[in-house]
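Presented sequentially are two complexes of chain A, the first with chain B as partner and the second with chain C.
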Partner chain A sequence: MLFGLRCVFASLLLPALAHAGPFDRIGADGGKLLLTAGFSDVEGAGGGGIVPWALITGYGSNQSWGANSHYSDVRLREFDLRTAGIAVGVLDRLELSVARQEFEVTGTALAGIEASQDIVGVKFRLAGDAVYGQDGWLPQIALGAQFKRHGGFENGGALVSPTQLGADEDEGVDVYISGTKVFLGSNLLINVTARYGNANQFGLLGFGGDEEPDGTVNGEATVGYLLTRKLAVGGEYRMKPDNLGVDDEGDAWDAFVAYAPNRHLSIVAAYVNLGSILGPVTGVNDDQTGSYLSVQFGF
Partner chain B sequence: MKRPVAFLALAAALIAMSGRAHADGAQCQTDDSAVASARSALTAARDSLPARFQLADALIEAKCFHDAVHTLEDGLAIHPRNSDLQTRLRNARSLVSEQEYFAGKDEAELAARVSRNLLRCTKLAEITSCDDALKLKPNDAEIHLAKGDALMKAERPGEAEASYRRANEIKPGDARIAAQLTAARTQRRTLIARCLERSDDAALIACQGALSIGADDEFQLHARMASLNQQRNQSAAALASYIAAQALKPEDRGIALGIVALVDSTMRKDAVALEALGSALLALQRGRDALTAFRQAQALSPAMPTLRARIVQAEKLAAMEPAVAATPSNSLAAAPVAAATTPVLVARTYSNAAEPSRSR
Partner chain C sequence: MRLNKLLVAAGLGAFLAFSSAAHAEKTLFAQIGGEVKLRRTVDSFVEVMLADERINFAFANTDLGIFKRRLYDQLCEITDGPCTYKGRNMFEAHKKLDVTNAQFNALAEDLYKAFDRQGVPYRVQNKVMKLLAPMQADIVRKRTGQ
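Our next item is the complex of A and B:
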């Protein structure tokens, strides 16, 4: 399996490496248009706020590399999700990311309980170019995977592992394929993602569960509109599996505003709805809504 | 020649016994009205033989054989040559010796049973035999020690430690007990480390072996066993461990979450599970749902000891909770017990109403 993946990596990267000059490989050329590098989502992958895109993170062109770091805070009614991470895009072909999520219950009888999760992501651009492929219909298509490991619970008394909530595992893998297209003429970005996985609440409540142990395919989508060269607005929708008996997990969506004054700084603010979280045990069955704010530095 | 000697010995023993009873002067405790009236009649006429015989008969009837002998001996001092009195005295004395024979036989039987159980406990390490022996002699340090040894052989140092501790309380300063207690503690520490640090089958066995009722870490071990059983999809065993842990720390939110998850998935609806679910919901500040669970448990088992106090707690909490609007989706929370299967399902109904497509 691992050998097979290496072969795929090599076959995808070698042609790009052959085109890149020796200096381009070391220095970052910042060769992409402003706001076309995407952002880092809550799981660390290049994308929007909650949906990964097919774009490779950073402003590096196909002869160089780029990177992006982020700190995001999602403040919901009874929960707070903080994410920090860094992602590197190589030759506009390969993206590697690491992120750490910290999730805290701020309301209900579970207030004070904290969970953490580490996510390592990898993404390959398989075909197309979202920005420069304007003369064709083919979007940029990328295949990605996110390896997630739950770090356990704190301040939960005897609760230390998501398996105690009925989850099957405390680690899992999401595999996704994304197609992203930027319509420069109409200042529009459209992204569609299909994700296979069994993560409960992004993995923060473990993987699989008493109601559905196996992975399922769920759809995600983003629509963005560039108001100016530096300002974009949009919305995202992400379907989520519902595996746990103690959680009526619902779908998530957001409406965002992104501002990038230059190639090194971008700020994303959003109104976010992550659906119900642990409603059957907290008694709060309403959707968890709140703010999303992300500050990102990159090149 | 031997027979007269034996008779003499028996007579001497009987005289000694009667003398002892006489000397004790203790009266047999009886509420028998016949004895009381006969005693009054004799007090009124001490020389009356019929009154004395009537009292002796009443005492024998009430199985107060020693008192009967005493009464007749007193009569013999007044009427030394009365053959009827002598015959009655002889009969009464034989009843006394018969009674003492059977009492001795019971003691011998008891000793034999203890000895047999102790033998099986020590030689065969049969823990049930140790328990049987302890039922007969609960304060015997040797039996506690033997039970500890049997438990050590069964790799249950947690329980062994408790047995050695009890033996040590009964017989403080005994070097053998102290040494075994130290060994049990050492082995238990090793098992606790295995229980907490590993997550394989050996960890679960280690937790079970280290478990000691009343120890400081009892809660931690129950919780760990629950978690390990859950990882193995042993839901029933996990729930049992959570319930045991909950009895020690009813307010623990982790235990509460585990119980809610497992009662839901195991679909247990017996009184114990429902009481545990109610307590879990109480810990999660869900007064109304806790009350529903408690009332279901009460309907199944009205005599559960802690239920009444829990219901009072839940009622107080429910009274503080904001009123629920009477919509079809959430009115089940306040509905009669029979309307809902478990409060978790009640809670789930809310969100199903919000997301009809997710209705199960």
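Our next item is the complex of A and C:
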């Protein structure tokens, strides 16, 4: 709760800093084209909604820096996932992010149970430029890691840790490599990500499990179509591991509309399907579908 | 059944080949709207750029008449219009200017705005940008680590 408030404060503070004067007073140049800073994904990394991209977050150029804060709400049939975080992009090379996820069961007999997770993300651009390299095949490529720690369950009675559900650990690390390229001639942004990790439902149900303790490699992808300089539509797909016996975890996908009216604000709205969550426990085996709304402030 | 699929595939292939051939007939220069539209876009671009404090200082001592003609010739040539760009190449023209990525992007944004003012469709704008984007390598000063 305190963290959430802090994030709201940061949300107000960051654009205030940017408006305090010309960008160069704080060394931030806002030097990227609109939309090319990406958005804040559900784990706090610069990306789409559920997939991290190779783009470095923020509007700072290769000689500068940028930062943003975001708040996202995913409302599913029987669950609600809220994420707040801040991220910094340095020299268009390095991205650091901190995010807090709060997950709440809103339906079924488990309604009221809450979980939280903290995620610290690091991303390093290895090669390429998603926009300038229009005459070659090389995408922008970045290597990233997300250090995740589950904060336990609340209102769950005896249930306080994901290990009680069969998870091996309450913390874990995802490592991913992303390739992102903008095809200006066809107005497309294409991103492909390979992630190695053992997070159950992003880590909200712990890491590893009775069915598969070790990490596996899963593919993720985003295809975006640029309608204008400020508006894009697209879809994402994210394979997820299925490690827990109490959860028939399935793949996730979304269909989004993203709008960036200026370099200080972006909004993403999506229809999202995270697959079945805790079906064998709740008795609701249907895919968890719903809305995704994310607002990001920054420079 | 298999024959049906073959016929469908062949039909689809023919359609794609035909539509791309029909598409290829019109040059990007023509899609922009030809000489009149491109010259107006260049005029709009210079207006937008001169009002853009991120980059206007770099053009303080530029002969804008010559600049407009050169820019027109260059855009006309790369979009397969009936022109020949006779100015210096992009590396030679910018090597003493210390241009940054931020300035390069600011200029690109101003060109987008100029196209907008002239009502050139965004899809066509991006086809031009596709041709201009690789010039970043010649225009922006190389620094260590970039």
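Brief remarks follow.
Quick note on the criterion: the second predicted complex is superposed on the first by the 273 of 299 C-alpha atoms of A that agree within 3 Å, B and C clash if a C-alpha of one lies under 4 Å from a C-alpha of the other, contacts with A are read in each partner's own complex, and residues count from 1 in each chain.
Criterion: contacts are C-beta pairs under 8 Å (C-beta built on N, C-alpha and C of every residue); 3 or more make two chains touch, one makes a residue touch a chain.
Keep in mind the model is a prediction, meaning the values are calculated, not measured.
On the superposed chain A, the positions of chain B and chain C stay apart, so the two partners fit side by side.
By the document's definition of touching, of the two partners only chain C reaches A:Leu33; chain B does not. Residue contacts after overlaying the shared chain place A:Leu227 against chain C, while chain B stays out of touching range.
Touch criterion not met for A:Trp53: it reaches neither chain B nor chain C. In the superposition on chain A, A:Gln63 contacts chain C only, with no contact to chain B.
Of the two partner chains placed by the overlay, only chain C lies in contact with A:Leu184; chain B stays clear of it. In the superposition on chain A, A:Phe103 contacts neither chain B nor chain C. Taking every C-alpha of chain B against every C-alpha of chain C after the fit on chain A, the minimum distance is 27 Å. Note for the complex: chain A touches chain C at residues 29-34, 61-64, 91-93, 129, 131-136, 184-185, 187, 226-229.
Of all the residues in chain C, the ones that touch chain A in their complex are 100-103, 105-106, 108-109, 112, 122-123, 126-127, 129-131, 133-134, 136-137, 143, 145-146.
Touching chain A in their complex are the following residues of chain B: 219-220, 223, 226-227, 230-231, 245, 249, 252-258, 260-262, 264-265, 283-286, 289, 344, 347-348, 350-352, 354-355, 358. Taken together, the chain A residues at the contact with chain B in this complex read 108-110, 113, 153, 156-161, 163-166, 210, 242, 244-246, 248, 250, 276, 279-283, 285-287.
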